[in-house]
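Before anything else, here is the set of structures, which you'll find just below.
The same subunit A turns up in both complexes below, where it pairs with subunit B and then with subunit C.
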Partner chain A sequence: MRAWLPTILRGLLLLVLIAFLVTPGSFEPLLRPLVQPNAPAIYNQGSLLALTLLHLRTVFIATLVATVIAVLLAILVTRSFGAEFLQLSRSLVNIGQTFPPVAVLALAVPAVGFGEKPTLIALFLYGLLPIFENTLTGLTNLPRSVMEAARGAGMTDFQRLLQIELPLSLPVIVAGIRLSMVISLSTATIGSTVAAKTLGEVIIAGLQSNNLAFILQGGLIVGALAVLIYDGLSAAEAMLTRRAGST
Partner chain B sequence: MIEIEAVTKLYDDVAVVDNVSMVIEPRTVTVVVGTSGSGKTTLLRMINRLVEPSSGAIRLDGEDNRSIPGHELRRRIGYAIQGHGLFPHRTVAENIATVPGLLGWEKSRIAAKVEELLTLFQLDPKMFGSRYPHELSGGQQQRVGVARALAAEPNVLLMDEPFGALDPIIRAKAQDDLLAIQKHFGTTIVLVTHDMDEAFYLADKIAVMDKGRVLQYGPPAELVRAPAAPFVETLIGDAERPFRLLSAAKIGAAVEPGEADGEPIGEDGTQQEALADLLWSGRKALPVVSASGAPMGRVTLDALLKCAARPQ
Partner chain C sequence: MGRARLLSIARQGSGLRIRFDKLGIVIALLVAYGALGASFAVLKPNRIVQGEAKMILAALPAWAGWGLIVVLFLAAAASLFRTSSWLKLVAAFAALVTLALAIGSAASFLAPAGNTYARVSPASGFWLLLFAFMLLAADAITRLRPPPWMRVLFLVLTAGGVGAILLSGSWNGLSIMKEYAGRADVFWSEAGQHVRLALGSLIVAAAAGLPLGILCHRVAALRAGVLNTLNLIQTIPSIALFGILIGPLAWIAATVPGAAEIGIRGIGTAPAFVALFLYSLLPAVANTVVGLAGVPREANEAARGIGMTDRQRLFQIEFPMALPVILTGIRIVLVQNIGLATIAALIGGGGFGVFVFQGIGQTAMDLVLLGAVPTVALAFAAAVILDALIEMNSRVLIGARSA
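Moving on to the complex of A and B:
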């Protein structure tokens, strides 16, 4: 009974989130006490559902590109011919993480203009590090005897990578993607300062008109998305760990 | 046949394997013994080119092992290691199918081979084929590791301390199984170990290595009778010498005509086993039977004591 509780709570959260996005009006009585009379209690400058989907799209694209680049980079620097690029890659990826996304936005706008593009660049740079470091950890901490057996069986370098190294590292890589994605979900809100269509719009609108209900609904949707995606990827990771064998 | 010719491996100008030459006869078990750091594992790994020699050559059945790419060479040579190295994300059947899969065998042929090997190693294919390595006991994992090494029917099987991680009872069983398998397939086995009991039990020939050199290479009894270096003597152990001689010889070699009472003993056991039996039961002689159960004569305490004495 106890073990089911978290699952039930997550299911409820998902249902409430969907209900709110599809019929925000039905939640108006809940949010009404938070606003001054005459002010709207539900975001009225666009569809919350559309903004949520655009927010997710931005995050997915940025995470996908970050995953591809970070994993490829980690594979490169763990091969014998790429080992000398390890320090360089680490530094680059670290700079991506250290550089504040807001600063990236400020620098990117003059180059690529307003909208989704600068946001994607900022999220991509910000998301590289966890995926890169986790992939690196995964690929360099494989059991020695397994790697030795794979070589001894006559696998080529490429076969070893595809059939042994990546499948065994997958749980750790997914953990990196999970971290990166959750960070991106929250960071994407600042994209709205440069006119990207994200849930940040709702929060910014609330701040500008001193509307607590707007701020709260923008923040809560992002929070709920983060919790659900984090849990979903955690479950995927646990499944992959089981499949990769617990020895 | 494996011909190792003047092979040297240098790491930072230090010879880990130093000018080693030896010929390993086909269908025999050769055990390389030595302390850790003696270069025995490096020597083994140069046969399938997991390590490339600095100089010298290794020929397999007359063919230089550098005449084909390393990964293709390794698909032809079985390789089993300590701690089995099974792929944890693949089932037992998939693990065994590794090399046949790399060689592009047909599915039906692979499936038949997997089933044959599992049965041979006393693992029910239906029950174990779909299990993952972590669901097996240590002894079962080790058997699957050897089965995987034999899957593509290699002529040569290299083993690096394959039984090192097993407890003594399972290890004895695994050693017996290995000898049975070797007879069954006629595989040439080169096995590396630091366990002298294991070496004397398994080997047709033993190579003793120290500091990268082979000090002596010959049948087990020869090592006891005429150790070529003080190190070989130390390794065998003065107190162990008579027992090593007995453990390296079969009962069949000490049989004499005659009768004896009591439980018979098989002719293919070691003379050490016969002596133990005699001492324990307090008898002077044991009846000996052939593998098929036919009486062959007897083995006496006196005969065994002669076998164990220093050769003149």
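Moving on to the complex of A and C:
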């Protein structure tokens, strides 16, 4: 019975989130005490559902591109051709992490203008790091016996990569994607300071009009999305680990 | 392994074949494009309008322009071949210093004398060249594997060089320095505020996080609950957490006697400080737990065997052995806090973010740079120093273990 409790809680969280996004008005009494008497308690400058979908779209696009590039880069530096880039790429990833998101966002604006594009660039850069690190960890910590066996069976380098190395590192790669997505979900809200359409709009509107209800609903929607996506990807990772273990 | 050795023998056997460095080819291409294909500086009639891009030869007096191109290509040539890493490092530094001086003289060359509205900023070519030679320097330093003290020395030398150029006034014509000149006092007070926010919240988080981590390590029942709660806090977006804290802190300031007198207010420093503290707790606690869990069982048993008390064991065995992992947590927190403290400006908490958001608001990108460049420099310096500390501590430990 106790094992089911987290699953039930998450199901409830998902239901509440959907209910809030579809009919935000019905939650009005809950948020009413947080605002001044004549201020709106529910975000009224656009649809919360539409903003949530746009927020998710931005995060998904950035994570997808980051995943493709990071995995390709990690494959490249673990082949003998790119081996001399391995240490340098590690240092660069470390240096990249020291750039604050706000700075990346603001500095991308002169190059690509206001709106969604600077946000995508910042999310992409931040998304790269955890996925790259994890893919490297996965590809460089494969059991030696398996690799020897694959070589012994006469597999080419390319066959080994596709049939052995990538499938075995998949759980670690998914863990990297999970970390990257949770960071991106939160960072995307900062994108609204450069006019990207994300849930950050709700929070910033709240900050500007001193409306705690706005800040809270914007923040909680992002928090709920992060928890649900984190759990979903954790489940996927556990499934992949089981499958990798059974073969 | 065997194949690689055979290949290298084959290469040596082929005699005088020149061996190119793969990264060097990338750097040389970047330099060629940055120097000849992209603009070096932008001249703007005033601080917010679009400017006119100038190539190197148009942005500098003829002798300086050609001189710069020669230095850049010599340094790029040094990167192209497999030579000593020291040579590459020297070449990269020479190119970076020349670039830094050239952009300063471009500013005084381009801006019409006596026109105080005209602004000169570095353009894409400059940034590309800067990136290329920083890449070369990073690669050379990575290959040299310098000991921790030498990395800190490199950092100090770089900081000293930048400081000397700043003091010499050769950058004074640049737009970012004109933004600075207009608000020098504010700049330093916001810089102080930024450091206070980032370091202060780190110190409080370490003071609270270490005991909490030790408690979580000793009492297994607490562990999952505490770590899950701290994980949940991380999912709240930073701008929302800063905002959410405004309410409770305003309430505390209004109701708890004496709270307002010690500086607790709904907006400003207090919510920013508390938000940074809350974000810092997870890395501090989690790394303490992981570090303590990694202490070998034999070490603990040996300590018990010679009759150490729990407290002695904690301070003399467990804590020193877990220190590198704990310091890694501190590094994560500090670098993250320096970045996040920029957001404090949104709720009146001050810091370098003030310039970034003012700059975004006025579409004055040089003002954004005035906030962003010191933030990045600060975060980078913190990362280098703490990495060196971590490595020193793990070395001491390995030395002690092998002795």
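Criterion: the second predicted complex is superposed on the first by the 245 of 247 C-alpha atoms of A that agree within 3 Å, B and C clash if a C-alpha of one lies under 4 Å from a C-alpha of the other, contacts with A are read in each partner's own complex, and residues count from 1 in each chain.
Heads up, the rule we're going with is that a contact is a pair of C-beta atoms (placed from the backbone, for glycine too) under 8 Å apart; a residue touches a chain by one contact, two chains touch by 3 or more.
Just so it is clear, the structure is predicted and the values come from calculations on it, not from any experiment.
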| item | value |
| --- | --- |
| Superposition on subunit A - do subunit B and subunit C clash or fit | fit |
| Partner chain in contact with A:A106 - subunit B first, subunit C second, else both or neither | second |
| Subunit B versus subunit C as contact partner of A:L168, first or second or both or neither | first |
| Which superposed partner A:R243 touches (first subunit B, second subunit C, both, neither) | first |
| When both partners are placed on the shared chain, which of subunit B and subunit C touches more of subunit A | C |
| Subunit B versus subunit C as contact partner of A:G218, first or second or both or neither | second |
| Subunit B versus subunit C as contact partner of A:P29, first or second or both or neither | neither |
| First, second, both or neither for A:G152, with subunit B first and subunit C second | first |
| Touched partner set for A:P37, first subunit B, second subunit C, both or neither | neither |
| Lowest C-alpha to C-alpha distance for subunit C against subunit B (Å) | 6 |
| Those residues of subunit A which subunit B touches in one complex and subunit C touches in the other | none |
| Contact footprint of subunit B on subunit A as seen in their complex | 143, 145-156, 159, 164, 167-168, 243-247 |
| Footprint of subunit A on subunit B - complex, ascending | 48, 50, 71-76, 79, 81-89, 98-99, 102, 132-134, 145, 148, 158 |
| Complex contacts: residues of subunit C adjacent to subunit A | 3-4, 21-23, 135, 138-139, 141-143, 232, 234-241, 243-244, 246-247, 335, 338-340, 342-343, 346-347, 353, 356-357, 359-360, 365, 368-369, 371-372, 375-376, 379-380, 382-383, 387 |
| Interface residues, subunit A side, partner subunit C - complex | 34, 80, 82, 84-85, 87-88, 90-92, 94-95, 97-103, 106-107, 109-110, 182, 185-190, 193-194, 199-200, 203-204, 206-207, 210, 212, 215-216, 218-220, 222-223, 226-227, 230 |
